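Both complexes shown next keep subunit A, but they swap its partner, so subunit B is in the first and subunit C is in the second.
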Partner chain A sequence: MIPRFAHRRPRSLADAFAAFDAAGGDCAWYAGGTELLAVMKMGFAQFGTLIDLKSVPELGGISADADGALRIGATVTHREIERSPHVLRHLPGLAALEREVANIRVRNTGTLGGNLAFAEPHSDPATFLLACDARVELAGPAGAREMAIDELIVGPLTTSREADELLVAIRVPAPAAGEGRAYAKLAFFERPAASVGVRVRVVDGAIADATVAVGSLTDLPIVLPAAGAALAGLPAEPAALDAGLGAAIAVLGEIDAIPDHNGSADYKRHLAGILLGRAVTQAVEEARAHA
Partner chain B sequence: MKRVIERGPAPEPIGISVPRRDGIEKVTGAASFTTDLTLPGLAHARLLRSPYAHARIRSIDAEAARRHPGVIAVVTAADLPGVQLEYGHAVADHPLIATGKVRFAGEVVVGVVAEDAATADEALRLIEVDYDPLPYATTVEEALAPGAPVLHEKAGRQGAHRGFEEDITRDHPNVCSTFRQAWGEIEDAFTGAHLVLEGTWHYPMCYAFAMEPYTSVAEWKDGELTVWSSAQHPYMVRDDLAHVFHLPLSAVRVIVPYVGGGYGSKSYTKIEPLTAALALKAGRPVRLALNVDDAILTTRGDGATVQLRSAFDRDGRLLGRQATVRLDSGAYAENSPLVGRKAANRLGGPYRIPALEVTCQVVYTNTAPASSFRGFGAPQVVFAAESQMDEAAEALGLDPLEIRRRNLVERGERPWPKVRGLDAKLADDLALAAAELDWSTPPAPGVGRAVCVSASDAGSEPVTTATLRVHPDGSVTVLCGSTEIGQGSATALAQIAAGEMGVPLEKVRLVQSDTAAVTYDRSTGASRTTTLMGLAIRNAARDVKAQLLEWARESWAGEDAPEPVLEHAGIRVGDRLAGWGEVVRAWFAGDYGEAIGRGYLRKAGETAEMPPFWEVGCVGVEVRVDESTGEIHVEKLVTIGDVGCAVNPQLAEAQDVGAAIMGLGMAMREELIYEDGNLVNGNLYDYRVPRFTDLPELRTVLVERGDGVGVYGAKGGGEGALNPVASAIANAVRRATGARLREAPFTPERVWEALRERDAANGR
Partner chain C sequence: MRETVEISLQVNERAQSLRIEPRETLADVLRDRLGLTGTKVSCDAQVCGACTVLVDGRTVSACTFLAVDADGGAVRTVEGLARDGVLTPLQQAFIDEAAFQCGFCTPGMLMAATALLEENPHPTEDEVKEGLDGNLCRCTGYAPIVAAVLRAAEAGR
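This part shows the complex of A and B:
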């Protein structure tokens, strides 16, 4: 049962900070509530006041610039992202990912900002956005700042956000020429068993450079520069790719994976290897479209 | 849905898929469940549970909780003098609240009653319990190890269900009961065998996942107790409450509104004694509504390890079967001793086995208590038995269908001495399932098919009554103690009454499950309701018709008066058919009065032999395996619903498909996991049941050969299709990949490991 709490619904960013101030520290930001309310129900956290951000206009909306760089408001729901024409056009991998997040009830209420701020180690968006070099905008009473995903998420359920700070938006850079970005996961239960986000840039029929991010294996999503480096130089076509993935998969095989109900560390590393192949294939395909 | 009908005609609306009577109110949210009940002065209870798997309770300091504003009562075992704290169906070993010691993490230690649930929750946090942790055993292996911690220092008393005296052996202090089923010369069977196979299979402990968690409301008035509860068996709960509070049966009233799913998990007594005790101390009516996490800690299904050895001759005929079954039954016996008996019996059918020896031990562990669960021991043992049948077929080069055909018991043949002959043509059912899977067409590479069967001796004691009232307008009210748990009894039983009385369905009202208003029924479980309550209603209809015939003679007697003749829908008097209402009006000489029919059913006559019917299961699957990840994709699931007579075909289909899907969930993903003494996935996030998106193509064939004991040959359905599912999937995976699965659920990692074992065995 959720302990009693006061509910505040500010109508602007300034009002939100004022509400935070008024609550005297015993409060939490509240958007979709899909993680927060569950945690409160389970008795793991208790807050005197929840400051509901759903009516703060500065935190909503999805926009894209002429090049295809995206800016997604922190309180945009998974469902909105999944259906956004901007996202579908410029970052289809994110729309596809959002279509598979958790379940329809979570997608309808859960927000991207909430997902990142909660820093759940199995987060789909965090893993993919990490591979996409996305950045987050934060605002607080002391002013605004921005940072990369791996600067925000610093540990399991831990971010570098100050208590009085808010995630305002997530920015994803426009794809460079010949760039493709894709995400692949396997989920047998509510949360993924393993997930891989990949960015590749294809020049003259071969992978010029790549980023590989792996989620759900460790207690926070990680970028594996050695795996990205191992992809560089591979010819960008399916048969050759499959044959050449061994070195990158070997890098994933070194991950100090945490066993869970999905399986042992060995099995999870094995899955990550399978997913790397799937994600790279998709990313290369998208890269060709952007060539 | 296809139907195969080889039975005699039945009067309408029997055999017609009339819409569910509770359908519209349920889908619109208008239907009332226990949780919707409000009463003047209703107070709300919350429970403090043990964080320890096994611990002595040194002291409980609840003073701050008692003083918390809004708290009405704080209740521990010490606050309940005069209450018989231990209850239990098979063995009375379960205290309604912890007495001096806790035996599983999640056991109830303190109850708080307050003006609202949030206040009660706040008070729980103010309670200090001083525990002295003890060593614990959360697996059967740990519980049976030398020097294992002992859960129950002394043997429990026999509970409400007599007849387990012999089974309560305590040959080890953590063995709750032992049951042995045996016939034939087992040594000889193995000595002369052409093929002996041996293996060990594991079936998980599971949660039944009724959509409605356990909920009870209790109210005391003038020393009499009324309890509203999400219970399958109101009369059994009444009996336990009378025992716990030393009341006459007539002073306890149990009312069961709609129940949001049971699957056995709401069989027998659960939170009702505790709710009543809380209401007693609070001096107010009290509502106790558990959430899913708490419900998982209340009852689960028995996990099982099955060691099975079978002997075959060179033609694949079974010569003997020998098995040791160990059930992980948790901290309290509940109904597991009966599950143990059934698990042993259900290794006996559906094949002709000249010699059998099965020992089944019900073992206490420091985990949430296990009890009745759809399938009742059958899913656990059928997984082993039907897997081994395919292994034998493979070893002997026989088609899996053919080895089964050679061994199946014929209709009318007794699977073992002293039981009713089988009331189904299983070989024909098997052929239907095979046809639905295009058995004769070879599957694509990487695809496997399997067909499996089972026969359960239905655990349905035929002890049932029904009352049928005929009103002066000819309409009918039926009083019965069977509960509507979502299975459709409210519809099917009304159809039987309408069909038997020859009145339109809309003139039949069915009143269910209120021990002060309807007459006795033993239980709503073991797929018994349509069959046994159906017979009781038929008997009540016959009784009232005989009464009405008598009344017609008395009312219309006279020298020239024609002799009244009983017909299906009324009484013929000369050339005129008098309806039932007219006979009532004539006898009372006015527009009033009613006739009362009594229907009794007991272990006599047509229901003398046990089991009253066999619940058979026959399923087929087609699977595809992703060898890179170990994922099994079940592409097709075929069920043969051999129900004798489908009183409502759509409901019968839903029961068959629902059972198979539940089996699919347990075969593929469901499993309660204990780590360090605690249940670690006992919540909605981590315990995964199938979603619609997980479902394969479903095909059901309803088979109606009129061979059951019930009305027009009906017999129970609703569990059968669950039992063979795990073995069918495992056998299909074997045929698709060569890997053999012996531990359910078949998580992708377990499949991946089995594939690696296959490769290692093949030298790859």
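This part shows the complex of A and C:
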């Protein structure tokens, strides 16, 4: 059974901070509960008060600007993201990723903000959003700030968020001309065994620059600048791409992967190499469509 | 501190008002307070789907969904499917296709498939499999369940 707690449902950000204050810090922000209630049930966490953020309007909604930059409220559910016309149009890789998160019940209740704030090392969105140079907006009683995904997630289940701060929104930049972004994973269970997010920019038929992020191998999602550099210069043609991926795959082969119930370190590195090829191919296709 | 809260919700179209603890899950409230034991709890971790119910038309895992979050909402459980002893086409199709053996997953399968068919009345076989991905059955091997959902969709045509 879930340990006893009091429940508060603020209707504004100001009320949420007031509820935090009233609880004397012995509290947790709560939205979908797909992670939080699970760890409370297992006895790993206990709080005097849960502060339900689902009725705080400042934390909801998805919007896009004219260029296609997205702003996704922290309490938007995975299911809302996978169906959002804005996301489907401007960042189809995220909609596709969200369609494959856990199962439909988790997607109906779990939120993007909660996923990032929980910082599970196998998070799907964290890995892809890292490759997309997404930024998160935080707010606290002391004011607002924003940061990159790798500034937010600093360890397994660990973020740089202050206890009294909360995630407000996630911002994903508009794709540049010739840019494509894609994500590939393999999952045997609810969370991926390995996952790769890729951003490429194609200029004159070749990859001009790229970002490669890898999730589920180490205790947090990581960007591998050397892998991105190894993709630069490759021709944006499927057959030639496959032949030229060796150097980037070799970079992934050096990752100090953590063996887990999904497989050995060697196996997970192998998976990451395969997934890199799939993600690059998809990203290049999208980039050519944006050229 | 033992806090209780008053919630009001519709359960299978009947109004219910209850005083509960915030920590009580929807599965707890349905089973232990309302006697609706058709909703089964198996994995207790949102993985198996046995406890699937609909809240405002969306499927949720009742085992990890706080009942306070259903306050003001409409909950549907397997007990709400048949009317006056008349099974829904989906329930009848489960019988006709022998889509259960032990039956423990069946209430969750029925609710997941009900949500699927309400949203997409004529799904393809792949769409049925996708819609039921995350509802586990250890007896049937799934084929009769998928066949039953397709049969129900056909019957509703």
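Here is the rule we use: the second predicted complex is superposed on the first by the 291 of 291 C-alpha atoms of A that agree within 3 Å, B and C clash if a C-alpha of one lies under 4 Å from a C-alpha of the other, contacts with A are read in each partner's own complex, and residues count from 1 in each chain.
Here, contacts are C-beta pairs under 8 Å (C-beta built on N, C-alpha and C of every residue); 3 or more make two chains touch, one makes a residue touch a chain.
Remember, predicted model here, so these are calculated numbers, not experimental data.
Of the two partner chains placed around the shared chain by superposition, subunit B and subunit C are both touched by A:M1.
After overlaying the two complexes on the shared chain, residue contacts for A:L186 are found with subunit B alone; subunit C is out of touch. Taking subunit B and subunit C in turn and counting the residues of subunit A each one touches, the greater count comes from C. After overlaying the two complexes on the shared chain, residue contacts for A:I104 are found with subunit C alone; subunit B is out of touch. Contacts of A:G33 after superposition on the shared chain: subunit C is touched, whereas subunit B is not. Contact with subunit B, but none with subunit C, is seen for A:Y267 once the two complexes are overlaid on the shared chain. In the superposition on chain A, contact of A:D52 is made with subunit C only, not with subunit B. Once the two complexes are laid over each other on the shared chain, residue contacts for A:T158 go to neither subunit B nor subunit C.
Residues 1, 3-4, 38, 103, 190 of subunit A lie at the contact with subunit B in one complex and at the contact with subunit C in the other.
Here subunit A touches subunit C in the complex through residues 1-7, 33-34, 37-38, 41, 48, 50, 52, 54, 79, 102-106, 108-109, 190, going by the rule given at the top.
Subunit B meets subunit A in the complex at residues 46, 117-118, 121-122, 291, 628-629, 631, 669, 673, 680-681, 683, 685-686, 688, 691, 747-749, 752-753.
Of all residues in subunit C, those touching subunit A in their complex are 1-3, 5, 21-23, 25, 44-47, 49, 52, 58-61, 64-66, 68-69, 112, 131, 133-135. On subunit A, the positions that touch subunit B within their shared complex are 1, 3-4, 38, 42, 103, 186, 188-191, 193, 261-264, 267, 270-271, 274.
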